[in-house]
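Below, chain A partners chain B and then partners chain C, in two separate complexes.
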Partner chain A sequence: MTKLAKPADLLKINYKPPMTSWMDTPTVYKPGTYSYACKPESLKIVDMPNPRTWQTTDEDWQLPENWKEIVLDGLRDRLQRFRSLKLFMDVCVRCGACADKCHFFLGSGDPKNMPVLRAELLRSVYRKEYTLAGKYMAKMVGARELTLPVLKEWFYYFFQCTECRRCSVFCPYGIDTAEITMLARELLGLLGLSIDWIMGPVSACYMKGNHLGIQPHGIVDSFDMINDDIEDITGVRLDLSYNRKGAEILYVPPSGDVFATPGTYSLMGQLMLFHEMGLDYTLSTYNSEGGNFGLFTSNEMMKRLNAKIYAEAKRLGVKFIIGGECGHMWRVINQYMDTMNGPAPDNLEVPVSPVTGTVFHNAAGTKMIHVCEFTADLLKHNKVKLDPSRNKGVIATYHDSCNPARAMGLLDEPRYILDHCVEWYEMPEETIRENTFCCGSGAGLGNDENMEMRMRGGFPRANAVKYVKEKHGVNMLACVCAIDRAALPALMKYWNPGVEVCGVHELLGNALVMTGEKKREENLRFEPLQNVEEDDE
Partner chain B sequence: MKQGSVAALVKKHHKKLLEDWFELLIKSYPEQSVQYFEKHQNTFTNPVGSNIYLSMDKILNELAGECDADKIYSELEMILRIRAVQDVKPSQAVSFILAFKPLLAQAFEQEIAKGELTKEELDDFCGYIDTMALLGFDIYVESRELIYQLRIKQIKETNDILQKANLLNESVDTSTFMRCSNYIDNQKEGE
Partner chain C sequence: MSILVGLLLVVAIIAITYIGVEVLGLSALFGIVLPYVAVACFIIGFIYRIVKWAKSPVPFRIPTTCGQQKSLDFIKQNKIENPSSKGWVVVRMILEVLTFRSLFRNTKAELTEDGNLAYQWEKWLWLFALMFHWGFFFVLVRHLRFITDPVPGFVQLWEKIDGVFWVNLQALYLTGFIMVAGLGLLLCRRLFLDKVRYISLLNDYFPLFLLLGIGCSGILMRYLTHVDVTRIKELAMGWVTFNPTVPGDISIMFYIHLALVCVLLIYFPLSKLMHAGGIFFSPTRNMANNNRMVRHENPWNPVVKVHTYEEYEDEFRDKMRAVGLPLDKDE
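Presenting the complex of A and B:
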């Protein structure tokens, strides 16, 4: 018999975690905090090993007999290939600067969400296998054998990192903890261990060019629907072109914006702007995705999926590429594309805005610019006619999406666009720009089964939104990432009901005055404009 | 001692009650995390610790004053929204409310000893804490329901997109979703 406890005892007894060291604390897969396993078909499509039907919570993960050897050989191989990994394994002095910088740690209090400890999960095995001290004094130097529980712990915690790189900003040694997660996921991939929400999009992207696996005619249908909506709202029908050879520009959106709200509204804004500027651009039904879940799988997969951008740019003979409001896409493009799949095809040139003549030297290598760079430059040169009163009633704040902010330094351009379109307020400085807090759903973790973990991880961001909501009456969270637009609405419903989510170009699209347009009565969401209601009164 | 004087004592001992109550909850986090969570001064770099601290502070102000049900509810909501997505059982999540009662008795020890406060007066006041615990139960359940509503919403939205693209038959595999339900059921059976 257990005697009924009093409330304070409940806190004392059950709350207290086991007083064991982290190495001896077992990993528990609690529903709501992990992602479902990948399907065998997805692995087969991209030639990844060990395709079989399994589930994360299965006792038996159906691993090959020599799984340990595969992982350790894989680690050895990568230590030789990547100096960065070798460095990251050796130089950490466990100073703790990163410890309280991870949104998952801040939301959960789980020590293994401290970036230092997350990396230690891998480092401990590295020490055991590849350092003298680790071989002979394992416990003393924090080394341990690779066992099945360790492997399951890796899976749990490395698929609980959104690769947002906030911790890296604070590391005095410049350790990129996201790269440690990337490498750990790559090692897990050698055993066919990944999650459905990553491998599904990866295989669909490989076969059909976008995360959902929508075929070319489906892409055209979706753009047609978007065009219908634009015509209904503005009276202007856009002349969209697909796979048009000889166009000056190839536009690559994140496919989330083509299919799902509120991303579609932001895409509408961009297409309306391109139309108004008379841009000679084309859309591709094959390269219909800027996002790249290969980044969350392996270096090779990232390279494979990214290759289509240059291939399509070459096939169509365009001069440069504009990429849409996507998040992780920009880490791939800005940090890896040039060395991975470059040099860019000969037909590509350093991007020059056909409207303003501005040369984008920053993209001299990749030949690809962010749509916010393009738009901000137009605004700077006063080329766009705007009526910000159409955004009346919207009080916005801006969420720096992790990768555009930290991996490419896109900090001021989106803000510059907002300045011209809408009343908006900054969140506190500890939570914006390079210090921005992740949505908690990036790097493939935005699936529904992981909802509890997403709400934990997104809390630091939601908390900053709450502050500006209470202080300034903010009711709109603007961002430049399709995963944000998919994930943040749920986060806001949980933490800050009443705050909607949008892309920066949705607000621009609302304000954009187009040649030949009818009197605007609705915003891009078909909601009545507040300034019109006032006029009528 | 006259009616309402317990509230005055809550006001008098505000600081101690707040520190003790906060510590009780914060110390329940893993040992390595407590050092970060107990620094409650910055709301933005430590949202869990600071929000719990601030909300407890406001609840104490209400208990010492108007006892406005709406205000108390919204502060409890802040704390329980956090607890509802952390790795604790429902009973543990709401237990911090009832665990406040012994803290009151502890803080008012001297007044009770001197006869300035009777046990009946304290018990009567503790009725508020019981009500808070019941509200806490409401909020916890509402938060968990919301999480599942958000899950269902996402599944439905994904279905709609795939249906529109005529991809429903090949892309939506509900087996994993069903599997989750089985998993939860099995767990219950095992307990």
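Presenting the complex of A and C:
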């Protein structure tokens, strides 16, 4: 791996487009800005074509003889199946409103990271194939032949888009480059072209139920460790159950929260809350992953991985499902699950909070609610005893993850929870809610080899954090996404040392007063509480 | 290069018209045949494009949500930016189409000297686009006077409002100038903003020059060269009653104006100008964010292979038993 440049050097960004037109500017696979190729085993496990050992930087990608035909047929097929694609190919006026809305463009200055040009990479081939002018006047009307360099350009830039949808907010026609990226990745997938950091988790999740491929006993071990920690800190031991038939609720967290800090802290907060509320819930080892990297592969793959949620809910006979703090997982659940794998199994009912009696009409169809919706409702009804002073010393800000913000609209529920738990401040308006900036590592790009691009793409987010850090002394970046919790710590370390990352429910867990707990002296990270001395006085 | 070609194409249309009408005397071709052909192309082409879009299904409900979702009672939903019902989707769409709501969000990002990103006010694109589109719309409304007899009240009323300013004893219709100014400013963006120039194609310059040509020839005709409006109305009424005749002696400026409009009509369905129809089809804008409430059907919902619980248990049965996990089949 190459050494990452210093922040000051990374910031020497040139936004001026080069002299050569984008079609004549070759793609350079610069170390630190691309992801490693997928491994043949992972493709085989999920029956994807062309499994072979290759590297992104290889001259020869070992493509099938008729690769061009495969891609063009795939394109034609998708134009007929997705109105979005067809429309987005046709109606862009190149007004440029989206140009400086992409975090990768802002962080790199590379014009092909302007959403409009990212889309033109595919659109140019579409024009060549489907428009008259494209056939005859090619270059002037932005049309070009599909060639190997074009394919490599697609791979580079479509795996340099985090499918965050920020561009789509600003486009006068709602053109969603994320949608174009998703379909372009499907096309690349037809040739067995994907990245290891996506296909690894996809194949593991398919066989073992979670991204890391942890087997059932490993999952139980991890939860046991989490339970031990909770007991050490609070003196209360939780009664966790797995694959339990007849439970009222199935709880599906992103597996990242089970296996890695700081996600585990947030998971602890949720489990402690469920315990305190006396929820009759169970965890599943078969479906031990809320996340779904199928979303970054193809709609079919997304469906295959997502199917486990309803299958497991049916097998266990639960009444409804609660989903954990995860970003892209919620795009899948909110916009795809019911369509792909619904209608929900008959044993599921419209979710009703067993604590408050609130009916979640907004989930009447899918029967699955977000844990923040669940918790916010508890807080509103004063069902949770909190001692926010235990979060003393924490000055937080809140990062809206792209998918909950722009593919769902989960904006005020987490904020409502924060209001009850901690002192916190908003980042500038242009960088939150629907305008939120991506962590720079979503959609499967959060791997180490891609570090420079991640730091570049995360710069706009980090810079907004810096603003509140300087203005309000913010030292904690709260979020509701497992990818964020994996990606943002590195981003903060690089751009804003001293700012930690947490899930919203970690702060809740710190503040949560549990029945029968011992005097709390440490937060969920085993750090001494800062309110202790005060209490003693 | 594409700038020049775009301009030359428009100049060529003007030159051909001039030669056709003035030198070759083909006024019937330019005054009757071409308009009919153009309108036919426009109508058929427009419908064809719409049908083609409509034929591709919408497999997933994928609105871009730009505000708080509908969830708990005490959390205020942003019904316009995150609609959960058809009615509010209509409101959202109306705002998009009539006020270019999304463009209004625009800001400009700049990296400051000290390495911070600053987001600046940038509503120019929105303003120029509104100037052009609304100007164009009202100009079209005024043109209705040529193809109606009697002229409907709303057209006459609008003419009065539009022409409140009088200069040299004639009404100055503001919307025409606003339209041309809007077009000129949009062109300037393309020519002078680095990023926009970099992404611009012939497909972007040509319609701008074409529309500028239409606007300018119209303005010239009305305020400078002057034309015989009664003759033109005679011609236009001839078209719409399908009883066309070429009235003698109409200024060449009119033929140029007309030819440019005809080219626009023919070009329209072939080009990005179809965004006018496309915006209504945009799934990120015209759908409600209610997928967790109401099921959306995908007509081609694929049958896929899944890894079932039974297969999972078969693989891990012993390990599951060892940690006391419940089993469906405990052999």
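Definition applied: the second predicted complex is superposed on the first by the 514 of 537 C-alpha atoms of A that agree within 3 Å, B and C clash if a C-alpha of one lies under 4 Å from a C-alpha of the other, contacts with A are read in each partner's own complex, and residues count from 1 in each chain.
Assume a residue touches a chain if its C-beta (ideal position, glycine included) is under 8 Å from a C-beta of that chain, and two chains touch if they have at least 3 such contacts.
What you see is a predicted model; the values in this text were computed from it and never measured.
Superimposing the complexes on chain A yields a three-chain arrangement in which chain B and chain C clash. Once the two complexes are overlaid on the shared chain, A:Lys44 sits clear of chain B and of chain C alike. Residue contacts after overlaying the shared chain place A:Lys471 against neither chain B nor chain C. If you count the residues of chain A touched by chain B and by chain C, you find the higher number for C. In the superposed model, A:Arg456 lies in contact with chain B only, and not with chain C.
Look at A:Glu430: by the touch rule set out above, it reaches both chain B and chain C. Once the two complexes are overlaid on the shared chain, A:Leu106 sits against chain B and chain C alike. By the touch criterion stated above, A:Glu373 is placed in contact with chain C alone, chain B being left untouched.
In the superposition on chain A, A:Cys92 makes contact with chain C only, while chain B stays out of contact range.
By the touch criterion defined above, A:Gly213 reaches chain B but does not reach chain C. Here chain B runs into chain C after the superposition, and of 1-9, 19-27, 37-45 or 181-189 the stretch doing so is 37-45.
Under the contact criterion defined above, the residues of chain A that touch both chain B in one complex and chain C in the other are 8, 11, 15-17, 22, 99-100, 106, 111, 114, 215, 221, 428, 430-431, 459-460, 463-464, 467. Interface residues of chain A facing chain B in the complex, by the touch rule stated above, are 6-8, 10-12, 14-17, 19, 22, 30-33, 36-37, 39, 55, 57, 99-100, 105-111, 114, 196, 200, 212-215, 218, 221-222, 259-260, 428, 430-431, 447-449, 451-453, 455-456, 459-460, 463-464, 467, 490, 493-495. Of all the residues in chain A, the ones that touch chain C in their complex are 8, 11, 13, 15-17, 21-22, 47, 79-87, 90-97, 99-101, 106, 111, 114, 116-117, 120, 131-133, 137, 140-142, 165, 168-176, 179, 206-209, 215-217, 220-221, 242-245, 285-286, 299-300, 303-304, 307-308, 311-312, 315, 333-336, 338-340, 342-343, 358, 360-366, 368, 373, 376-377, 380, 405-413, 416, 428, 430-431, 433-435, 459-460, 463-464, 466-467.
The residues of chain C lying in touch with chain A in their complex are 1-2, 5, 49, 52-62, 64-72, 74-76, 78, 81-82, 84, 96, 100, 102-103, 105-109, 111, 115-117, 119, 125, 129, 189, 193-204, 270, 272, 274-275, 278-279, 281-285, 289, 291-298, 300-302, 304-309, 312-313, 315-316, 319-320, 322-323, 325-326, 328. Chain B contributes residues 24-25, 28-33, 36-37, 42-48, 51, 81-82, 85-89, 91-92, 95-99, 101-102, 143, 146-148, 150-155, 157-158, 161-162, 164-167, 170-171, 173, 176-177, 179-180, 183-184 to its touches with chain A in the complex.
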